[in-house]
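The first chain written gets the first letter, and so on, giving A, B, C and D; residue counts start at 1 in each chain.
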Amino acid sequence: MTDTPPLSLKVPQPECRPGDTPDFSGIEIPAAGTVRRPAVDEQAEAMRDLAFTIIRVMDDEGAAQGDWAGSLTDDEIAQGLRDMMTLRIYDNRMMTAQRQGKTSFYMQHLGEEAISCAFQRALQKGDMNFPTYRQAGLLIASGYPMETMMCQVFSNEADPLHGRQLPVMYSSKEHGYFTISGNLATQYIQAVGWSMASAIKGDTKIAASWIGDGSTSENDFHAALVFASTYTAPVVLNVVNNQWAISTFQGIARGGAHTFASRGHGFGIPSLRVDGNDYLAVHAVAKWAVERARRNLGPTLIEHVTYRAGGHSTSDDPSAYRPKSESEAWPLGDPIDRVKKYLIGKGVWTEERHKQAEAEITDRVIECQKRAEAIGTLNSGHVPSPRDMFEDVYAEMPPHLVRQRHEVGY
Amino acid sequence: MTDTPPLSLKVPQPECRPGDTPDFSGIEIPAAGTVRRPAVDEQAEAMRDLAFTIIRVMDDEGAAQGDWAGSLTDDEIAQGLRDMMTLRIYDNRMMTAQRQGKTSFYMQHLGEEAISCAFQRALQKGDMNFPTYRQAGLLIASGYPMETMMCQVFSNEADPLHGRQLPVMYSSKEHGYFTISGNLATQYIQAVGWSMASAIKGDTKIAASWIGDGSTSENDFHAALVFASTYTAPVVLNVVNNQWAISTFQGIARGGAHTFASRGHGFGIPSLRVDGNDYLAVHAVAKWAVERARRNLGPTLIEHVTYRAGGHSTSDDPSAYRPKSESEAWPLGDPIDRVKKYLIGKGVWTEERHKQAEAEITDRVIECQKRAEAIGTLNSGHVPSPRDMFEDVYAEMPPHLVRQRHEVGY
Amino acid sequence: MTQMTMIAAIQNAHDLAMARDENVVVFGEDVGYFGGVFRCTAGLQQKYGSSRCFDAPISELGIVGAGIGMAAYGLKPVVEVQFADYMYPAYDQIVSEAARLRYRSGGEFTCPIVVRMPTGGGIWGGQTHSQSPEALFTHVAGLKTVIPSNPQDAKGLLLAAIADPDPVIFLEPKRLYNGPFDGHHDRPVRPWKTHPLGEVDPGYYEVPLGKAAVVRAGQELSIVTYGTMVHVAIAAAEETGIDAEVIDLRTLIPLDTETVMASVQKTGRCLVLHEATLTSGFGAELAAQIQAECFYHLEAPVLRVAGWDTPYPHAQEWAYFPGPDRVGRNMLKLMEA
Amino acid sequence: MTQMTMIAAIQNAHDLAMARDENVVVFGEDVGYFGGVFRCTAGLQQKYGSSRCFDAPISELGIVGAGIGMAAYGLKPVVEVQFADYMYPAYDQIVSEAARLRYRSGGEFTCPIVVRMPTGGGIWGGQTHSQSPEALFTHVAGLKTVIPSNPQDAKGLLLAAIADPDPVIFLEPKRLYNGPFDGHHDRPVRPWKTHPLGEVDPGYYEVPLGKAAVVRAGQELSIVTYGTMVHVAIAAAEETGIDAEVIDLRTLIPLDTETVMASVQKTGRCLVLHEATLTSGFGAELAAQIQAECFYHLEAPVLRVAGWDTPYPHAQEWAYFPGPDRVGRNMLKLMEA
């Protein structure tokens, strides 16, 4: 076969780079309400199609459509709107605080608020999330005190993590929010293990795991699919596909597959794809998956299709690698605008009330911030003592750490 | 939801354990020749069904059937029979040698001979296999000197690996056989990288990677699927499902998926399942996948369905965890018997000739063994010098290793 | 007291722990129905059911990672990595996760997992069945690292590890599983029943973590060691006739510096001995601490004897293994210094 | 000579290597179009095309594992792990594979890969953007471990690493990327253009692996260190007024013992300094070797100053970081001993 032509390496490229015109025409978006809702005990094989479509509830006019509609009352939806607005306003304030030097680092949720806010409302007390840094909506929607979140961000003396963790790496056992790791993906398999423990103990709690599109390439993602599949673990496996992993477009992680949801197919795991900017759809799909887990029917994989409208973090400037206007071209819209439109359409919300809610929330956030800043910020000097640096390495401090602590003068 | 019944852990169990009657009725076996052969450039999506069936060529009467038949001439098939017989006889001799204390350890291929022997015949010189310990047929079929294999097994002075590696962990660059690792699965992603290198250089060589059913749970398997999918790497990804991973049945690795082949689906990789005890089928499928890779169409995943008829290694006694008669109940038969029947059916082989071939091969193997043993065995003392222990850690020996070597007296 | 091999003692520790505390769960590759390739978990699935003792997929990451999740839930997972050489795929979960859950969550989530793994060579295992990676754990804050040298300790240390509120790496010198091997590979195998520490208390007891044992008293020289090398050290002492004190560390972190320093300050000479690769082995830490604490007592530099800085070879296994001859030679050298 | 930051020097080394040898390929997370989160590979994809410089999936295992396959094929992959803290998923491939290909194949397959990773703290990175895992590499036979402290060395060492026939772990102290940071975090940032070693030879040159540099001559005390701590050591020497000799190891394995021992034998006092966690850090190996080689020259025990045995904290970063005050205090202590 000396006549074989030479091989060449194929490296996937995004549709557009800075200077190009954004183009999302490759994303097939079915009309809201058109995707069926299978029974929760339907076999994975019978719903393969659901990994290649997008489950959507709210249509362009703001009306709820189809089988997946109706999982929430209008009051609950209004609460969801408030949760998302709170998260966005909180993010704004913290982004500014970081720029002002009050902390070292921050990561926002711009455009992705619906996912974590809606998902949390499908869980029960006692269930455990294993989140990434981009699901603070889980905390907001579960009523975790915002002031405490800020104290963590400011690494001040009231930070429950004693200044040890980077900003946004919250932890709250009580609020079902597992301690965030800076190492991507490690939590994914831990969630599976946690849910297996619940099953071993004959408990009724379930776990929900979270990962970004880019991080699905990690080892832990695979281990989680293997273990969840093998032991029929009561866990919901969420993949948040926000199109980007820092500067890397999702095609590098996805490769030749059409969707991330389809990764579940090789493991016999029911896999759904949902409009991540549609609060109603996310909630409905979450509820469905949570019910599967709770009824011991096993894991569900959910790909949330969304767009990271902001920078990766305060250290990142996305204009270096994608068109500035890409975010506006994103076809699934803004999650807050969409719910607002829905509620206005239903006659239970108005522009007026929205402005008022915005002002109220802003006031509340500012007030929290004042209290948190009064305790301290990273640059104010009111940070946890070096003494705390030596605590919690072990339950009991071993002699060599006591010696080291003495050396620092404590 | 206080009325939720308690969860419980589901742990997959094999159909039978020692004392039970073997039962393979769960394995659906299509008749030979019934599975279609798609064009090599057909889309992965259009051939999902091929991951849930078994491609078979030889029927129970020994005749070749269907689209996949015809990749080999009868002479080539007779050569294949000889390769498999050689491997089996070699294995037998080495198992005995290990029992006699001539080496520390051995791993045989009983029942799996067709896979590596047939696959190698679909490759070209320059292509590179990244095998596990259970594909020595690749070496046999590529004409690697058996005496050298034995020298490796005996860790004697002629062992090209200088006694450093466990028996059966061969290496031959020239024969397209990558150095075996004792750490399962690590080679899987390396094969992908090797094939990417060939593509980067505009070469025409391709790689073939190998893994066992149990080892698909490892991290490297996932990384390989991700990279192969992303870069459309010219690699054939083989999974040898021999039903067991030491004492663990394949259901523990497979979980809720129906087949290992289907793991490729979430990556958009064309995935086939083949009767691993059918030399003709393995060759045909290999040839198809190799052509895909060679034509830069990207990776193919092949699940070879077979049965590990022997113990895992000389350290293992399978009667502790599976029925003794399970091997006889295996529905895909013996790879050697089947080809023999085929050739006899075609009138190009006879029982007589078979016996004669067996005797010839046995003589040749014994002769090799005599020569190898004359050089030395692990217990004869004629093993490589401790001096060799310090070589090849680096290209050039750094001072600290020179010092350590002096300490041993060299 | 009951005669037990180290395998039986470890199996027995699992059994007692599972009987006492139903939060104890045991899993790993081949540990369920079959009871482990070294039989350390034999019979547990049959006795406690397959949701408390089960086979795992071949994913060390998954085994440890799922175990961490279970530990965070409130269980006490005791997981097996089939050989220490195969812990690397799980290393991220051990280092970045198990070791730091308590710290990074301000004590809210903890990780009382025990990760067991057979370690060490001398079994013709070649480079991937012989490694001693303890130094890769001792460098990681948040982990405890334990390595027993006999059945009595193995059982008590494992029970203490299971009771411990923090992650414990439990290294089992596989060459000691069936007998007190002293490095004389050319002599008949000695079974545990010929050794006093093969007599094991059949009930529940703990050998506290962080306490070394002086297994041979001596005045002239201290040998600080652990695992298989404890027996090699004793043999070398007997054979050289040097009145050496042999310290079996048992726990590497936290280290029992008191026992170590008291001995070296008494003898003034110290040999540090392990099977792992010399460079950056745990012996380096020991030597660094000992020279710092005993500087004015030392009559000679601390001498390290260890595996060479090469992978563990197959055919040259006994040239690699720091046996009693090599140890003895170095003891003499140290006495002359 | 050209003014370069360490980032520019590293980028330039890549550029020259790719221009010289078309077997050099560069990949990692965000290294392609964007040129790396620290910009060390900026412009390479634009210049050499996307089959020689490209973005990789977020799989450190995949990056290193594929790199090993490429190296075995005959390419020279230079891969980036985004932070050293994220090397653990690749650790199995590094330890079990890259380090041992040559050995286990009898020299038939080799692995000339360079694995680059930003290391060290002082950037408010918290426990997962600040680690210094060098000791986890120095324990592994078959690896070389390099860590530069300035632009001129960084470029020459990286070119030497790329030319090397064996796997090289190349640790880049990220706190030095933009300037010679001496630990005084409260003082204005100093850029490389104010430092003589920010003047970089624009052409191709190699700084040989395995050779340390005496960056400050002195008579009273030797400070053996590397990376960021080189600058801290110099600052501490200036500030204490102690006539300290500062040795920048540059390569940890193979270690330039000649330069180290000559210095300590001259001064009789030695402080070993690194940012990594103290216990089982590379300082342990240095102290163990130095006490053995310089026993009769030492007037005081070798003293180690290092990061504490805790994860790297966020808010207490400067209490963790072994800055010039802590180093100075220990130098005085050592002089008094």
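FYI, a residue touches a chain if its C-beta (ideal position, glycine included) is under 8 Å from a C-beta of that chain, and two chains touch if they have at least 3 such contacts.
None of the values given here were measured: they were computed from a predicted structure.
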Original post:
Taking mean CA positions as centres, which chain lies farthest from chain C?
Top reply: A
**OP:** Please report how many Å separate the Cα centroid of chain B from that of chain D, as a whole number.
**Re:** 41
Original post:
With chain centres defined as C-alpha means, what is the inter-centre distance between chain A and chain D in Å?
Top reply: 35
Subject >> Rounded Å distance, chain C centre to chain D centre (Cα mean) >> reply: 32
Original post:
On chain B, where are the residues touching two or more other chains?
Top reply: 8-9, 11, 162, 164-165, 169, 181, 183, 196, 198-200, 217, 219, 222-223, 226, 230, 252-253, 255, 393, 400
Subject >> Sequence positions of chain C contacting 2 or more other chains >> reply: 51, 56-57, 59, 61-62, 85, 88-89, 92, 96, 103-104, 127-128, 141-142, 253, 279, 308-311
**OP:** Indicate which of the five shapes (line, ring, star, complete, other) describes how the chains touch one another.
**Re:** complete
Original post:
In the complex formed with chain A, which residues of chain B make contact?
Top reply: 1, 4-12, 44-45, 124, 196, 198-200, 202-204, 206, 217, 219, 221-223, 226, 228-232, 234, 251-258, 262-269, 294-296, 298
Original post:
So in the complex, which bits of chain B are touching chain D?
Top reply: 128, 130, 160-162, 164-165, 169, 171-173, 178-179, 181, 183, 186, 189-201, 207, 219-220, 222-224, 226-227, 230, 391-395, 398-400
Subject >> Sites on chain C touched by chain A in the complex >> reply: 23, 25, 51-52, 56-57, 59, 61-62, 65-70, 72-75, 77, 89, 92-93, 96-97, 101-110, 141-142, 144, 165-166, 210, 253-255, 257
Original post:
Which of the residues in chain C come into contact with chain B in the complex?
Top reply: 29-30, 32-34, 37, 50-51, 54-59, 61-62, 85-86, 88-89, 124-129, 278-279, 308-311, 313-316, 319-320
Subject >> Residues on chain B engaged by chain C in the complex (per definition of touch) >> reply: 8-9, 11, 13, 17, 104-105, 155, 159, 162-167, 169, 181-185, 214-215, 217-219, 245-248, 252-253, 255, 315, 320-321, 378, 383-386, 388-390, 393, 400-401, 404, 408
